[in-house]
Each structure stands twice: as C-alpha cells, then as structure tokens.
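A, B, C, D, E and F label the chains in the order they appear, each numbered from 1.
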Amino acid sequence: MFYHIKELQYDAKPSQPDPVYAKKLQEILGGQYGEMSVMMQYLFQGWNCRAEGKYRDMILDIATEEIAHVEMIATMIAQLLDGAPAHDQEQVAKDPAVEAVLGGMNPQHAIVNGLGAQPNDSVGYPWTARYTIASGNLLADFRANLNAESQGRLQVVRLYEMTTDPGVRDMLSFLIARDTMHQNQWMAAIEELEQSQGSVVPSTFNQEYEKQEVSYAFMNYSEGEESSTGRWANGPTLDGQANFEYIQHPKAMGQKPKLQPGPTYIHGTPPLEMRIQRGAGKMDPNNQQ
Amino acid sequence: MFYHIKELQYDAKPSQPDPVYAKKLQEILGGQYGEMSVMMQYLFQGWNCRAEGKYRDMILDIATEEIAHVEMIATMIAQLLDGAPAHDQEQVAKDPAVEAVLGGMNPQHAIVNGLGAQPNDSVGYPWTARYTIASGNLLADFRANLNAESQGRLQVVRLYEMTTDPGVRDMLSFLIARDTMHQNQWMAAIEELEQSQGSVVPSTFNQEYEKQEVSYAFMNYSEGEESSTGRWANGPTLDGQANFEYIQHPKAMGQKPKLQPGPTYIHGTPPLEMRIQRGAGKMDPNNQQ
Amino acid sequence: MFYHIKELQYDAKPSQPDPVYAKKLQEILGGQYGEMSVMMQYLFQGWNCRAEGKYRDMILDIATEEIAHVEMIATMIAQLLDGAPAHDQEQVAKDPAVEAVLGGMNPQHAIVNGLGAQPNDSVGYPWTARYTIASGNLLADFRANLNAESQGRLQVVRLYEMTTDPGVRDMLSFLIARDTMHQNQWMAAIEELEQSQGSVVPSTFNQEYEKQEVSYAFMNYSEGEESSTGRWANGPTLDGQANFEYIQHPKAMGQKPKLQPGPTYIHGTPPLEMRIQRGAGKMDPNNQQ
Amino acid sequence: MFYHIKELQYDAKPSQPDPVYAKKLQEILGGQYGEMSVMMQYLFQGWNCRAEGKYRDMILDIATEEIAHVEMIATMIAQLLDGAPAHDQEQVAKDPAVEAVLGGMNPQHAIVNGLGAQPNDSVGYPWTARYTIASGNLLADFRANLNAESQGRLQVVRLYEMTTDPGVRDMLSFLIARDTMHQNQWMAAIEELEQSQGSVVPSTFNQEYEKQEVSYAFMNYSEGEESSTGRWANGPTLDGQANFEYIQHPKAMGQKPKLQPGPTYIHGTPPLEMRIQRGAGKMDPNNQQ
Amino acid sequence: MFYHIKELQYDAKPSQPDPVYAKKLQEILGGQYGEMSVMMQYLFQGWNCRAEGKYRDMILDIATEEIAHVEMIATMIAQLLDGAPAHDQEQVAKDPAVEAVLGGMNPQHAIVNGLGAQPNDSVGYPWTARYTIASGNLLADFRANLNAESQGRLQVVRLYEMTTDPGVRDMLSFLIARDTMHQNQWMAAIEELEQSQGSVVPSTFNQEYEKQEVSYAFMNYSEGEESSTGRWANGPTLDGQANFEYIQHPKAMGQKPKLQPGPTYIHGTPPLEMRIQRGAGKMDPNNQQ
Amino acid sequence: MFYHIKELQYDAKPSQPDPVYAKKLQEILGGQYGEMSVMMQYLFQGWNCRAEGKYRDMILDIATEEIAHVEMIATMIAQLLDGAPAHDQEQVAKDPAVEAVLGGMNPQHAIVNGLGAQPNDSVGYPWTARYTIASGNLLADFRANLNAESQGRLQVVRLYEMTTDPGVRDMLSFLIARDTMHQNQWMAAIEELEQSQGSVVPSTFNQEYEKQEVSYAFMNYSEGEESSTGRWANGPTLDGQANFEYIQHPKAMGQKPKLQPGPTYIHGTPPLEMRIQRGAGKMDPNNQQ
C-alpha cells in the first residue's frame, strides 16, 4: 500500500516556460528508458520477488522513489508549457519567435493534454509495458536495471546539455546524482549475487547439457580480423571456466534446410506437378493476362 | 554487405512435429529478448559505431551470427508445424488428442502463415523496434547487451525444460552455449571499457554538476529496514568514489506544486469564480439534469 | 513523493494455484480498463491539475489507492501461478489435467516472467499509455474516470463469476466494493462541476460560434425509425437549452469533393493526358506484359 | 449494409492550403478521441447490441453519421496539403516562409501519403482498435460514449482556436454543434437507463457479495485533507444507497506478502542456501571478475 | 455521406454457437488482411483520390461494400459466442467438453466484450492503422489492394477448411466469391493503368537519373545458383525495356564506412586517448570492481 | 548462415550533414515500406518456403541484398547527423539557422541514439513485425512483394526530390535502380506462377464451393455510375472465366440481425422487463440523481 506526500522529492521549478523543451523532456518521462519504465519495472520485480526479504524491500524502496521522479518531471513539463501560444499560421509568418515555438512543440500538449504532461516519449510514442522486464531471476533483472540506469543517466545528461535554464538544470542535476547512486546500487547487488552464484545467467542450468565446444569461442563472421584484438577473444573467460578462443573462419555445422510441402487444406503454393498440369490445360488466350 | 550460406549454423531438426511447442518457441524468435532483438540491436550498434575499428568489427561479427540464429529457430518452427491438423470443433470433441493440439496452437500459424514461422512472440505480439537500443555510448550499450543475453539464455533454458524432443533440445543446447559465450563476451568488453573510463555512464559528465549530496545515498521509502543489510547500503561504492550511505527516513526536498490556470484558449477547467457565477445565473429548472 | 507500506490494502490469498485463471486475471491488471490504467490516468490528472486544491488532492488520493490495487492483483497472480507445470507435449497426452492447465496458460508467465505477474492484459497485449487521458478539463476527465470505473467494475464482476475460489472471490469482492465507491465518487464530482458550469464540455466555448441549427437534432441515417422513440429524440435536451428534434431524412449539406491533381514532384497518379500520350507512344509488343 | 452519397454531410472547404495545420487536424481524425474512434466504437456497439431495437437503431444511426465526419476531415486535410513545398534544406535557409511550413509538416504526408490524409493522429501515431470499447453493457458503454464526445468536442474547440481560416472554422463549427448534440444524446440515453436500472454498473451484481464496509468510503491516502471538502465525501451517495464516509487515516487491511520460491525448472533466483554453498566452493581468483 | 440498411449484404447465420471458432474468425475481421483493413484502406484511397472520377467512384463503391463485410463477420461472431460458458477451473476438470471450449476461447470475448465481436485479430492483437496504405499513386495502391484481396481470400479459404458448420460455410462462400471478384477487379484496374503509363512505379521519374547499370541485374548473394533458372533471370524484363542479367558473384561497390567521433555534448563513447589517460590516472584499487 | 563484408553494396556518402533530412530518410529505413520491411519479409518467406529450390534461393538472394540496403541507409543517416547542434531555445532565438535545424530534427536522434540511425520511420514510430507477410502461398506473397517494391520506389523517388545533395542523390539513384529491378523481378515471378496455376489466389480452392453468382459482379454502392466505365466492369474477367457484370442497384441479400440477450453471468444490459420492474420499485427521491 502507498501514501502520498504533497511535497516533491526535489524542486521542479523552471525559470521560464519553454514548450519546445517540454517536448524533449518527455523522453525521460515516458520513453523506453524514462522514469515510468524504471518505476513499473521495479514495482513488478518487487511484487514478483520470490527471494529473501532484503531484496524485495530494496527493490520496492527504489520503485517508490521512481514514482516520485515521474511526479517531478510531470510537474516540470506542465510548468514549461505555461503560456504556450495558440496562434494560426498567418500570425506565425509575422512573428518568427512564435513560429519557432509552435513548429517545435508537440501538438498534443495543447490539443490533447491542455498544457499538461503526457505518458509518452519525445516523439509522442506512448509508453508501453513491453519496456519492462521482471523475469523472476534477480541477477538477470539487476542487469536489466543497471542498463536502464545507464541509458537513463546518459539521456538526462544529454538533456542537461540542451538547456541553460537554471531551474531545469537544478532538477536534472538531482536526477543525474540519483542515477549515479542507482548505477552503483545495481552494480553492488550484482556483485553480491555473482559472488555466490557465478556470473552466467541462469547459474542453475547444468552446463553439461550445453554444447560446450562452442561455449567460449568467438566466431569471426566477416572478412577482417580486427575483432581478434579485444579482451573478448583473449585470456580467461569472465566466468573463470575457460579461455577465450578465436575462430577465424567459422564453418556451418547444420543441415541445408528442405521443408516438406504443406497439407492441401492449407492452400499454400501448389506442388510443381499440379502447377504444370493446370498450366498445360489452360493454354487458351483468355486464361491469363 | 552480406552473403548467405545455405547451410544452417547448427542443426535444426525436430524429432517430430509439435505445433503447440512451436507457439512457445516463438518467444525466443520474435519476443522482447528473442534473437530478432539481438540481431537488430547489434546491427544498429555496429552501423552507428563511432569508436575504433575493433569494436565495430566485433559487434558486427556477433550481429551476423544472430541472423543465423533467427534462421535456425524459424526453420525449426516451420518443421514443428508440419502436419498441424485443421479440423472443426465437432471432430475435436471426438478426439481429445487433436483438441489438445488445436487448443494450444497459435491460430495464425495456420491462418496467416500457412504453417510457417512468424516474427512474433509466444502470445502472437509482433516484434517491435522499441526492443532495441543503440545509444552511441558503448559502455551503456554493452550493459544492454549483457542483459539481453542473460534474459535470452534464461528463456532458452526454460524452453529446454518444456520439451523432451531430442532434436529440439540439441538445437537449444547449441543456443545456450552461444549465450554462455555472449555473456562472457559482453562482460569482457564491459571490463575493458570500465577499466579505462570508469563505471558510471556516461563518464564524461563532470560530476561537480550533479547534486552530489545524494549521489551515494540509499533512501528507504518504506516502513521497514531490511534493505539496509545489502551491499548497496554498506561499504565503498562500486565506482570507488565514496561509501554508501543509508537514509532511514528520507524527507521531501522539493516544493508543493501549484500550477497556474491555463490560458482561456485552452478551455481547461474554468476558474472557480467563473463556475460560481455561471452556476448562479443558471438556477432555472431546465438548466441542469 | 510516496511511501510504501509493506502490508497490502486488502488480502490477496488464493485458496489454491490456478495458472489458467491467472491469465484471465491479467485483464484487470494490465488491460484497457485494468488497475494500471486508472492508476496512471489519475496520477497524470492529479499532477497536471490546474484547478483548486481539493480536486488535486482528491485525484491523487484515489491515484495512490490504485497503485495499491495493482499491487494486490499482481500479488494474487504470482500466487495463482505457484507450481505451474512445465511438461512436454508427450507427457501432456497422458495426463489431461496437466494438459488443461498448460493449454490455457499464458506461456509468457513461465518463459518470460518466471511465474510472476506481467503488466499486460488477458491476451498478453502490453499496457499502453494510450489508454489514459488527462485533458486539462476536469469535467471531461471525470467522465473518462466514471467510464473507466464502470467498465472496470463490469470486468471484475465477470471475473468473479469465472471462479469459485473463496480467496480470489474475497479479494474481488473488495475491488467491486471500491469500484462502487469510485463510480459514486466521480458521479458526485461530475454533479458538482455540472451545476456550476453546465453539462456540455467545454462550457467556455461561445455557442454562437457553433452551427446551432444542428446542435440539437437527431439524424436518422437508416431506413427505419425505431431510433425516434428514445429520450434522445424527445423532450428538452439535457443541457436545458432546447428541445430534441428528429430528422427523418437527413440530407447532405456539403460539396461533392473534387481534389486537384498533386504537383509533379509528388509522383502521384499521372494526369489522364499524360497517361494516354504515353500509352499511345508505347504500343510496341515488348512494352507491357 | 451501407450506401454512399457523393456529397459530404457538410462543407469541407479551406480558404487556402496550410500543411502545418493539416498535421494538427489529424488529431480529430485518427487520434484517441478522433472521429475514427467514435465511428468504430459505435459500429461495434451497434453490431454487438443485444438490447431492444431502438438502441441498436440509434447507435447505428450515429455510427453512420460518424463515417461521414471522418470523410469530411479527410477531405479537408487533403486540400490543406495542396501545394505543399518539396524543397531541400539549402533552399529553405534562403526562404524562412518555406522553412516554417516544412519544419512543421508531418513528413509522411508527403513521403507516404502523397498529400493525402492518413488514419493517424497529430504526432503520426496510427489509430489503434484499443481505443474502442463495446462491453455488451449499454450503460457502461454510453458513459464511454459521453466521455468520447466530451474529449472530442474539447479537442475540436482547441483546433478552432488555432486557425483563422474561415473555411476550416466553418467546418469545425459544424462538428462542434454535432458534438453538442451527441453529448446531449448520450446524457439522455444514460438518464433513461439509470432511471430503470440504477446508476452503478453493472446493476445486476448482487451487492451483498461485495465488501460493503468499503463501498461508500473515501480514503485519504495523503497527509492533507483538502479532499474532505468535496461532494464525494459528504451527503448521500449518488446511487441513493448510503452516505459518503471520509476515512482520514486508512489502514492496511491485508497481508504482508511472502511468495514461495519457484520450482527448479523455472530457474529463478537460486535459494539462499544454494547461493551460499556455491559461492563458498568457488572462492578461487579466476572465478569472478 | 453514408446511409445504413438494416439487412446484411448476405446471411450471417451459424448453425450453432462455437466460441472457439469465433476466436479464429476474428482474423478476417480485425487482422492485417481482415475486412477492417480493406474497408479503411479503400475509404482513405477514395477520399484522397486526385485522379478522374471513375476511379474515386469505383474505390468508394468497394469501400462501402467492405463496411458491410465487417458488419457480417461481426454479426456472425456475436452469434458464435452465444451461450459461451463461464465456469471455473474445478468444474472444468469434471467436464472436458467445457474445458475444450474455455481453453480455446479468447478470454476478452467474455471479460471485455460481453460475448461480442472485437476489432482485433485471432490472437487478440488490435487492428492498427499501419495496416493501410493510400499513397496517392493509384498503380502502387492497386497493387496493395490486389495483395490484400489475395491474402484475404487465402485466409477465408483456410477458415472455411476449419469448420463444417453449414451456416458459417455459407457466409464464407459468399466472401470467397466476392474476393474472386475483387482480385479480378484490381487486376483489371492495374492492366488499364499499366497500358497507359508503364509498369514500373512511379512511371513519372526520369529513368536517366537512376543508376541504370543495375536496373535489370539479378544479384546472386549466396553460394549456389538455383536462382538463375527462373523467369526473373532470363529473357526480356517485364517493363519491356531490357533483358534480365544474372550476376553470379556480385561485388561490393561502396566504401568501407568510418564514422567520425561524436561531439562532446553527446557523451558517446569517449575517444581512445581520453579513455587511456583516465584509466592510467585511476589505477588505484578502489576505483574499479 | 551469413557472412559480412565490410564494404557497402554501394556508396553512402553525403556531401554535408543535414540532420533534418536524416529524420525524413528514416522513412525508407524503418517505415512500413522501408528496407527493414522487405528485408524481414523476404527472410521469413525464404525460411518458410516449401516450394522447389529455385524459389527459396531467389527469395533469400534478394533478402540478403536488402540487409545491405538497410546498412547503407543507416550509414548515411549517421553521417547526415554529424555535428547536429545541441543548443537551448534562447540561443536558437538568436540564430534562425540553428533553429531551423533543431525544430525539424527528430529529438531522439540526439537524446536516445547519440547521432545514430534508429529502426523507426520518419515520425519516430518503431518498425513493427506486423508490416511483414509470409503466407506460405508464393503467388499471394509475390503480390505483397511487388506492392512493397512499388511503394518503396515511390517513397525513394519522393525523397530524391527533397534534396539536392549530390552524395545523397547518388545513393538514392542506386536504390531506385534496384527497385526497378525488384519490381521487374516480382512481376516475372508472378507471371511464371500465374501461367501455371491461374491468377486467383488460392488456385486450389474448388470454385464450386464459392457463391458463384457474385464472383464476377461489380456492385455500385453509391448514387452515381461513373464506376461503370472502367475495365473492371466491362469485358472478360482477368482470370478468363467469365465477363464482368455491373449491378446498378445492389440489394441486401441477408437477414436483419437480431441477437439473443446474453446469459446472466455476463452482466450485459439487463432485459427490458427487469429494467422496468426495478425502475418502478425505485421511484423514491433518494434513488437517482
């Protein structure tokens, strides 16, 4: 269950409206790696968590914080949209400043949302639940989380570069700092799990059942060999089980596929015999274009 | 540019048809973490790569391999669908075995694809490009890749548990082994990048500009404190810059938001005065329901 | 900002696992009118609210409650999935009971979510932000909310009919009761707003500018006239401004559209002259199939 | 079955082309609350209608009218796109007027549709059937319809404010008037149904089975109490069955969830014992990064 | 503008309910090549048509017919759903016949649509406007239409094979016949346009500006040469302009791409120098995990 | 299996950056008829192909070429984005040239992709697998392919008109030429199949089972008769089986639908009797609003 505190986690006060920037800021609200994604991802990971209590508690703590981040950004966007102009094209032609704003705005901010934030990204694409992952395997999911916080901090930093508004930058500097923490947090949790269960996910599958001759081989599927010079092709593997192998000219190990014709009730391409027969019987001029 | 070799990378030969399993196998073909996702993700990361050549080459090598994985699974699915029945419900009632198959099949495998694979997941949801990421920052993206290979191997292992067909298991054991390699590969590449640039993404943002007082603090947004016992709340942070701090009762640091009324041409909720006035003037019985 | 309480708002304890029912229950979690929809809809309406404080407070109170509803249903689904079987088709043929379960399960519950809830509906379609609305006009939005609670309660009632599990029914009886309250709540808020501002949204548009001759006319676009017998075609209109009129044979009032040919750089269908000319000049046997 | 009349229901004649406005106008064609949505929603409600004939007839009458609205707006958009420029960026730099148009246009209007309307909204997102609802319960659905006409009229009014073109405004004034009628129509139909069956949907569920102690209680999930001053917290409930109750400090009524570990074939997070054991056995330096 | 006739274009009377078949039949209602797709595609092509009147008239005639097809299938589905059972899993275990139905039903047909048709396909995926095309070039679009009618008739035929219900087959035999006509219709319209404007779309682009040395060459991008034996590699090209050429070993004609590093404000992968420098300066034990 | 060649199939070298054009060019990369669509469509058609080897080989040859086209366009877009500005709105106001670029850019090119290509279309909508078709019937699918190459060449030509950059035009002239070939290729393959199996898809359905009286009739569903003057209403049908018939006033041939009330556990609209009864019993003033 949840309670709401009316104050924001941190200030969301733009120095002045900027409807064009509001459109861009939507990316970290409703985009693939926006705050809605981590909020929903952590909530579902927490609610589905079958591991010991400290994990469930930790995941739901950060999930609850992320709701507050969505709240901050939504509040910021609504204020950036204050006083967005609603003029027609003719007037725009006379005032390039208005035009700059109108051309760059998301039209739905005015038409659909009445100058409010929307749960979409910077091109207006709606947030979708397919952005989230809760697999039931915490090591797998913590890697998803570390990725999300990495992409997320990267995007916030890029948005920081795109404005000079001190109020907006102040809020972003807070989010960037929290993403620093959250990257560290997931790295710490990953380290803890890897130390006890190994680093290949899932660790519970008996490796004897995998085709072990290709478990540590880098395959070079191109004509050059620059790819042979990286860590991934040299030295011990990261799971400590073997050494990397570099296969210069990987060969096909499988069959040349040949599918059976489908059954007649599927009405696929008729078999060759049937086509030839029919074609033969229809050689009159009216038959085909 | 690409060339095609007619043989598969590895055998894809089921021991017998199994249209119900074909539906499930679609998950690792066109699902969020299926082979189409890693194929497209690596292709775009490779084509967009602005770093030195060994990275571009390595990424495109694995991308090219993933096209072959999509090919193997598609070939397997087409064969699992061989001889899928097309009976009506009345006949089904008489033959429970047929019914078991028909009830569990994806109807589109017959109606839309004529017993062929489709670029969708196990519930028929189409693959979407929003599953991919190519951010232009390799450390961020390699974390996305490690996550994808972790979720991917987990799903293949689960599918391995759901069948006893030796042919299917043979192919899956190959894919599981390659995912072992690919997890190791991305861990190695991540290690290489982290050693030279640090572990917080992006490393090029000057940390002085982030709100540093919250950069390493775990905030406990719930009534209990189990979350205080993990590695994420104790000891040095993983980026080596500080020690984790645990905030038991985090306080709101921001304003209580109060938005201005919108301009009249937006036709939002009318201000209170206007509503009261109008309501007053309309107190005749016909006015309201 | 938000805090999390570890206890659920109300009990979510199934009497026994039922993975098939878990699939159906997803509808009220991640469906068009599931709890995720009202949660996100109310959160955005609250954060964007530009009206006086009691509205913002009320909307965010119910929004916060809805997060708890999502939590309850997710928790219920995870438990309904406990012990879901993972057998292959051959074994299934021998045990129809297992088959009944496997055939009716959502395969992603096992493959993707490891026996956890997912933010999708009962056919596996992901929740999308296009389900939500926050228009900036409270009367409009409260009608959206009343609709959502009506569809929502209807769906929960249907799911109540589909199970006899006392634990599941207990939780659903709580949700049904809350939906009774929430329908009443939005009806009350609508009544309050309609009394002060009138019932046509938006009330701030000057009706002189609308084409008033058709503002209260029911147009009969079919050959019969059963539609003339409803309240919508007789008596005073609900906004108290006029009487309903019934137009038996509505006539077209507009032009017969005729579009100009597109400019040449668009390469649309070539104008007739150009086609005739070219056709004439190309009447050699090689030109067309 | 349907017949087509070549004349439009009402004139759709812009005074001059305006490709930027054409993009915005797409919102009320293919947006969430555009004419395509009501057209498809009413068609499906009518075709699925199991109530007496006057409802089916009325719903299909308005559905048929909505097809004509889609036709009018599509025709308008095609004309607004007449003569859209196709210049390159260099030329644009020299002529800011052209640039204003090109920058604000939807590029697909030229590239994909050859200066024609598209079934998408103002940010180019395609119309989706998930916008519609036909639940089989008319009172529920009429509330969906009243909401759709409210959001719809609000959006048309906002678009009216964004242009001064007399031809466009003329068409919009017609649509606004019809939306006035349609709001009244659904309010009338709702009133009729509520009078006979009660106002809580569905009325056929025996309220004894719902958890009645929370059926009329407003729960205050935040620290302040402004929400106590509205109609929703005072006086008789709108269904006439009780009085609203205000719960200042709602308590959790449910369990603290604790999920069982998943079965081994799901390969979730390994149980703690297994992790500790494995970790212990692998404390050699090669094992972990 | 449109009028509605209460009678269906053709009978839609199933001999008995069959909720499982209802799910499958959704494919030709709301699927990629279902009747909704051709209905919307033809409507938009007609409304956007800038060619002479006979084309616009013809397209809108068939569009209007397709609305009637949607109506017929929706009506059929609602009747196939009559009396769908609503039992819980326990009862199901006792009655395999009920189970067969419940397991194969689309759960939304009951929960969301109350035994009505929905605008979705056979796996419950919603119809999307991205299925349609109206390019402004009739020859291009008529090819899209011929394809749609070909895929459509194929799917209806497959559904015909999946039932023995005489009433359902009667309706499908009507739809199959109309698709025979519609394939012929689009072939006729294509022939007419190709004769006057040539067969390559768009015919108005000056072929001198295309890279003509590859305009008629088949490129063999695989190790075998079976592809050399088809009509596409031998004899005159279908546009009558040249002869097909077969290139056994196509060579790359382009550059080896090398992208510039991104600007610093994009925060992509840091250049090598910067990484080495930083790595060097950070070789203290606390720095990296 | 596949191999990668580091050189592009053809040069992709813009003369100078143009971030606005990069946005437009996305249409032929990740749009409905972009290169990703034909790449995936041909790959799946090839992998699912159950016909003789020359078809499978041919389809996979062209599929492999299309991967190279995606590669070329992605490479071009990355270079067009070189040096895209990242300024805030204030600076923009001072420099209209920067503004022109910023306003017209896709913001995700900077925020999400770090100046790289993305697998989306020109309005940022992600590529979806629902764009593809592989039906198992080659004649049907080759028509889909001919359509795709027709729409594709049309779009490339339109993009050619929108730029004067010689490097971009050079690459586009190559793609246009290949689309000329590909249209010819599919026309040739279609001709070959039609000659042997007839032109109506599927040819294997016994036409005696279709409702033959409407198999060749054009139905005029509008008040005028311009549609009677086309090839589709006169002369022999294109399949050579009959002559076209023109039906001036098509009549409804079906029933007037009347659906049964739903079962009580569905909670649809209550039957009239129940509503009247209840309404009567509730005529006390508290009952209804």
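To be clear about the criterion, contacts are C-beta pairs under 8 Å (C-beta built on N, C-alpha and C of every residue); 3 or more make two chains touch, one makes a residue touch a chain.
Worth saying up front: this structure is predicted, and the values here are computed from it rather than measured.
Enquirer: Going only through chains that touch each other, what is the minimum step count from chain A to chain C?
Expert: 1
Enquirer: Could you quickly compare A-E and C-D and let me know which has more C-beta contacts?
Expert: Result: the pair with more contacts is C-D.
Enquirer: Could the interface between the copies chain A and chain D be described as same, meaning over half of its residue numbers are common to both, or is it different?
Expert: Answer different: the two copies use largely distinct residue numbers here.
Enquirer: Could you work out how far the Cα centre of chain A sits from that of chain F, in whole Å?
Expert: The mean C-alpha positions of chain A and chain F differ by 25 Å.
Enquirer: Could you grab the centroid distance between chain E and chain F? Build each centroid from C-alpha atoms only and quote it in angstrom.
Expert: One centre to the other, that is 7 Å.
Enquirer: Counting only residues that touch at least two other chains, what does the list for chain B look like?
Expert: Within chain B, residues 1-9, 32-33, 47-48, 50, 53, 55, 57, 60-61, 64, 75, 78, 86, 96, 103-104, 110, 112, 114-115, 123-126, 128, 130, 133, 135-137, 139, 154, 157-158, 161, 187, 191, 199, 202, 205, 221-222, 224, 238-239, 252, 254, 257, 259-260, 262, 265-268, 289 contact more than one other chain.
Enquirer: In graph terms, nodes being chains and edges touches, is this line, ring, star, complete or other?
Expert: Looks like everything touches everything, fully connected.
Enquirer: Mind listing the chain D positions that touch chain C in their complex?
Expert: Touch list, chain D to chain C: 5-13, 32-33, 53-58, 60-62, 64-65, 72, 75, 78-79, 82-83, 86, 110, 114-115, 125, 128, 130-131, 133, 135, 137, 139-140, 143-144, 146-147, 150-151, 153-154, 157, 160, 169-170, 173-174, 176-178, 180-181, 183-189, 191-192, 199-202, 205, 207, 209-222, 224-227, 229-232, 237-239, 244, 250, 252-257, 259-260, 262-263, 265-268.
Enquirer: Can you tell me which positions in chain F touch chain B when the two form their complex?
Expert: That would be residues 1-9, 30, 36, 40, 43-44, 47-48, 50, 57, 60-61, 63-64, 67-68, 70-71, 74-75, 78, 112-120, 126-130, 132-137, 289 of chain F.
Enquirer: Applying the document's contact rule, which stretches of chain F touch chain C when the two form their complex?
Expert: 154, 157-158, 161, 187, 191, 265-267, 289
Enquirer: What part of chain A is in contact with chain D in the complex they form?
Expert: Spelled out, the residues of chain A in touch with chain D are 1-6, 47-53, 55, 86-93, 96, 99, 102-104, 106-108, 110-112, 114, 123-126, 135-139, 193-199, 202-205, 236, 238-240.
Enquirer: Which residues of chain C touch chain E in the complex?
Expert: So the residues of chain C in touch with chain E come to 18, 20-21, 23-24, 27, 31-33, 96-97, 100, 103-104, 121-125, 154-155, 158-159, 161-165, 221-224, 252, 254, 257, 259-262, 264, 266-270, 272, 274-276, 278-279, 282, 284-289.
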